[in-house]
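There are structures below to look over.
Shared between the two complexes below is subunit A, which pairs with subunit B and subunit C, respectively.
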Partner chain A sequence: MWKFIGKRILLMIPIIIGVSLLVFTILYFTPGSPGEILAGANPQKEVVDQINHELGFDRPYHVRFFEFLKGVVQLDFGDSYTSRQPVIGEILSRFPRTLTLAFCSMIVTAILGISIGILSAVKQYSFIDYASTVVSMFFSSMPSFWIGMMLLLLIAMNNPWFPINGVKTWRGYILPVIAISLCNAAPLMRLTRSTMLETIRSDYVRTAKAKGALEKRVIWKHAFKNALLPVVTNIGNNFRALLGGSVITETVFVIPGVGSYVVEAIRNKNVPSVMGATLFLSVTFLVVILAVDVLYAYIDPRIKAKYTK
Partner chain B sequence: MSEKLLEIKNLHVMYHTDLEDVYAVNGVNLSMKTGETLGLVGETGAGKTTLALSILRLLPDRTGRITEGEILYNGENLLEKDKHTMATIRGKEISMIFQDPMTALNPTQTVGQQIYEALMLHNNANLSKKELWERVDSCLEMVGIPAARRKEYPHQFSGGMKQRVVIAIALCCEPKLLLADEPTTALDVTIQAQVLMMMKNLRDRLGTSMILITHDLGVVAQVCDNVGVMYAGEVIEYGTLQDIFKSDKHHPYTEGLFGSIPKLDEETERLAPIDGLMPDPTQKIVGCSFAPRCPYAMDRCHTEKPGSCNDNGHQIKCFRYTDETAMEVSS
Partner chain C sequence: MKKLLALLLVAVLMVGLFAGCASTDTTDTTDTNNTNTTDTTNTDSKEEESTESDSSEGNKRDHINVSLSSSITTLDSMQTTLAINHIVAKALMDSLTDFDENWDVVPALAESYEISDDGMTYIYTLREGVTFHSGDPLTPDDVVYSVERGKAAAPLAATFGKYCAGAEALDDRRVALHLTQPYTPFATIVSKELVIHNRSYHDEYIAEGHTEAEYLMHVDGTGPYKFVSYEDGVALELEANENYWAGAPAIKYWHGKIVTDNNARALAMEAGDIDFVSTQVTIPQSSIATLEASDDVNVIYTDFMQCGSVLLNCRLPEFQDVRVRKALNYAVDYDWLIETQTEGKGVPISCAYITEKTTGFSTADSIVNYTYDLEKAKELLAEAGYPNGEGFPVINAVITEQRKGCMEVLQQCWAELGLTVEINVVESSSVWDTIDSGNYSVGIVFNNVMPDTTMYDWYFGDPDTGALNRTGYENPELWELQEQAAVEMDPDKRQELFDQIWTIITDECPVVWMYQQPQMMYAAKGLHVSGTYPTNSVVHWNEFYWE
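Now for the complex of A and B:
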């Protein structure tokens, strides 16, 4: 198992180099330069060139890329073109907000999606099942920013207890977490329902019943764990997507997170910030994927056996 | 207490889906005594498994329905028991071995845990955890698996070994009645013999009564005391092993069944199968269910259901035997 984790961590190195190369090249080929943006409206060419020179943006592609890689090894992504502050510091100051939002949303999503999913599978074709299906269809179809805006309009506007924007206190997280969770829980609930239905009908569940186990025990001890694999994958994917920054939700609720930071940096041709954030997010993505894979091994002994081979 | 361990009276089971109704079991009457082994033979789709599942009330929740009849176990109707009483009967009084060992075990639990669960659920003697695990070990040894392997998962076992685990689960609480649903069908022939011998030995040692469902007449001949032949959801012939294998009187379907087994001492180019197919189970059958395929079919076979002729316990549902004159006409 440890060997498997070690191998996977080593594999991250080429992946990260590949990601850096790809993003760096795309940024290189996109038109525009930071000088044009920083010099203000109707800039003179000399000013633009001078700014680009100061930032080191006029040097050749390979020189800049290797300088970037050199910095990465020393955990230094350079300074942001716009703020002239170290990128790493800027990301680290914003990341906790994104992480909190993503983590809380993931927990609420999992609780809502899994519990309602199981309930509607166990009570298939009952009122609860139909009702939850309709509700989940509704929330699957509604974009999270719309739900976010509705929450602001209907709840935050009338209730000063909820802040309209920002996350200065923990209360600021409640509405965005609800907005994201409702959207993500809806498909998760559908998925949990269908995998549970499949496992409930499987032979080993019948064996468990034939042993004399009551329904509750059969569902939790036998069906649930086997239905969990696709559910964990889905939750992992959601969490990853949220870490990448739920840009839209962050924008609606005016949360200064990583997502809005990257979008801003791309718009300003702020290469060090884009690269730094990309790299940072790639690493967190890879760690989450690895965590999900390790979790698989604890759910399904067959997968564990494959890892240890 | 009734002398009969299990008595099934006029059992009707149907599967109800949105598309169609399937009549799986149509009026089965069977009874067995304590200690007896009853073989149920018949081709695929004859309703054997449905019958076994009905006894344990394990039919699929939404679709399977027992529409008529009684299942008396020690004189008590199982169909009237509530969920909790049923749970105390399952595994402890009546247990079941399933057809496919590959899927019958939970892939995420060790085999030890799965046997332990059965023991723990029926732990009336209040044994401690340690004692229960000792029982698990002895159950594994009983079916010929080293106790050390209890910590392994089903995927680490071969098919034959998995079926042994399934048998250990079924027998660990020493049930009075064992329903074995084609326990050897999914195994290859050499393993089949092993598993069958083991089941036979365990049955004799534990004094368990058994219903053995199979379509292998050889297996029946080795293990069973009495045999019921099922066709289209009915028991069309029932008798002792002697009656079925040695008697001259047979239901035409049983004749066909034996006729379709190749014989070693006769030179034959082709097998002699029964012409035609089983009747469509979505249609209610009028008359004898075998009539369309029966070489002796008379007009009345298509319109009337034959009763059961009883010749010292050898029961045949056919007009040829219920009505002696008709037999003479046809022969």
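Now for the complex of A and C:
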């Protein structure tokens, strides 16, 4: 097991170098320069060049890339072009908010999706099954930012208890978490329902029922554990996507997280910030993927056996 | 092979770890640590602050919530061109002089100034008893230091940096600013660009081990508000400067809330979460009507204009003929353009792209105004040798996504002449690069109005004097007049020169003028706001109060 984890951590190194190279190259070939943004309206060409020179933006490709890699080894992503502050500090001050949002959303999504999914599988073709199917169809076709805006308009505008934006207090997290969870729980519920139905119909479940095991025990002990694997994968994927991709929800609710930081940085041609944040996010992604894989081992002994081999 | 690879990767990992350890001694990591600690302390103090002020809401309004459109990158307006930085910096820093509501230069930190006969020296007499937020008195030496900073600042290189040779303290109240060449709008440039720093505070702050970048967020100014805390991406907190030289501001606490999304901002304004949205901070077109209908919000149309125009690349043979340029101007259906692009809020341009408040605004009869006249346009184009647009090259329009709508209207207008426009959308970070490379036929630009006409030479100035000439339009007579107007000190003679300049420019039209768009401010009901001032439409925060 430990060997497996160690191997995976080592594999992160080439992945990180690859990601850096890819993002850096793409940024290098996109048109425009930070000087144009920083020099304001109708800039003199000399002013733009001077700013680009001060930022080191005019140096050759390989010099800038290797300087960046050197910095990464020392956990220094360089200074932001716009604020001239160290990028790592800016990311770390924003990451807790993104993490809190993603984590809370993941928990709520899992609770909603799994419980309703199991319920509608167990009571197939009942009223609950039909109702939850319709509701989940509705929410999975709605983008989370739209739900977010509706929540703002219908709830926050009429109820001062919910802040209209920002996450100064924990109350600020409630609406964005609901918006994200509703969207993510809907497909998760469908997935749980279908995998549960599949396992419920399998031979060993029939055997368990035939030998007289209690319904409850059959569902939780026999069927659920086997149906869980794809569900965990789905939750893990969602969590990963939320860490980097809840940009729109972050924007709608004005949560200064890592996602909105990257978007702003891209707009400003702020290369150190984009590089720093993408690298930071890719490391976080890799850690989450690893955690999901380790979790598999605990759910399924067959996989654990494979890892130990 | 596999083992070898694994070993190699382990080695890389070890190098990484050790390098990470070793770097604790280097300045880089120390900086990061410092910033982190500052951030946390800021957050703490801010939270205390905000709970305190939230509880006082509903009673006497002693605070104002201001919408900020993005993170604040510096509080020193000389280091930035970002409008929001200027709007905030105006609360913390002052200049030697300022603008009044007619955009004329009036005293601020200097109670008066005089200009030498040769126009090469400006002597400012400082107001007595002015102190910085730290308590240090304002001295001529601080002005000398600030001038040095201004001269070195990249964003001012083409204006203040170009015309100011340096400063010297004459005695304990007077300071002289020397020019590199006579330049009449210099006093205006000082008002607009130079802000006064505290030299001793800066030197001590740096001596304590802080970086210059950190100083930019911890300046010591003389402005109406004092810095309290800043949390990146979240909020900026300021507090009234009770010793402000023009009288303490009526509103004690100033909370800047960073709301980057335009829709979220409009919603927050509607909900009363924000009290003030300045110009240059966008409210989506679709929300303006809602806010105008709201009982809790005042929508204020300011005198501050943005002027939209289309640059014609006069280096191209087809645009060297003035009849073609005129035809393009006459073919624009201005009413339709204004209706679709500004929901009818825009106004036609009467004197190129300046407004009445700009020094040099001309009302001379010789100014040419273009109105929609398709027949005339067709005639002019035929005279130029392109009847019904035949043989006219495809017009390559360089445009940012934001202004694509304008170009689409022009595309249809010019199609009536038989001309084809190909729209090329480019990133806003590369639009000037594209235009300066000359690889375009037309390009839309929007300019903020300036306080003085001499500051406009971006499109048809004399390149030999270092002025910008983005259209490539060459006219030595015009350049001669521009140079005279830049040094003429008698206002009446200067106005005559401007009358001639604008007559030439409007008649020769190296540009298609579209419309001027009034910029709007949004204030909660009961909030009295100040006017807007050039060039980043800053406001005077000390004039705000709750009625």
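In the analysis below, the second predicted complex is superposed on the first by the 308 of 309 C-alpha atoms of A that agree within 3 Å, B and C clash if a C-alpha of one lies under 4 Å from a C-alpha of the other, contacts with A are read in each partner's own complex, and residues count from 1 in each chain.
Here, contacts are C-beta pairs under 8 Å (C-beta built on N, C-alpha and C of every residue); 3 or more make two chains touch, one makes a residue touch a chain.
Predicted model, so just to flag it, every value in this text is computed and none were measured.
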Once both complexes are superposed via subunit A, do subunit B and subunit C end up clashing or fitting? fit
In degrees, rounded to a multiple of 10, the angle subunit B-subunit A-subunit C between CA centres equals 160
Would you sort A:115 into first (subunit B), second (subunit C), both or neither based on which partner it touches? neither
Of the two partner chains, subunit B (first) and subunit C (second), which one does A:149 touch, if any: first, second, both, or neither? second
Is A:33 touching anything from subunit B or subunit C once the two structures are fitted on A? First, second, both or neither. second
Chain touching more of subunit A, residue-wise (subunit B, subunit C): C
Contacts of A:141 with subunit B and subunit C, given as first, second, both or neither: neither
Identify the partner contact of A:126: answer first if only subunit B is touched, second if only subunit C is, both if each is, neither if none is. neither
A:201 in the overlay: touching subunit B, subunit C, both, or neither? Say first, second, both or neither. first
Between subunit B and subunit C, what minimal C-alpha to C-alpha distance in angstrom results from the superposition? 28
Looking at the complex, which residues from subunit B come into contact with subunit A? 56, 58, 60, 62, 83-84, 87-92, 95-96, 98, 100, 103-110, 114, 117-118, 121-122, 153, 155-156, 166, 169-170
Interface with subunit C, subunit A side, in the complex: residues 7, 9-11, 13-14, 30-34, 36-48, 50-51, 54, 71, 73-76, 79, 82-86, 88-90, 92-94, 149, 152-153, 156-157, 163-166, 168, 251-254, 256, 260-261, 264, 267-269
Touching residues on subunit C, where the partner in the complex is subunit A: 6, 9-10, 12-13, 15-16, 19-20, 22-23, 26, 28-29, 31-32, 35-36, 39, 47, 50, 70-71, 73-74, 80-82, 154-155, 157-158, 212-214, 216-217, 231-234, 257-261, 263-264, 267-268, 270-271, 273, 426-434, 436, 445-448, 458, 468, 470
Okay, in this complex, where on subunit A does subunit B touch? 124-125, 201-204, 206-215, 221-222, 225-226, 299-302, 305
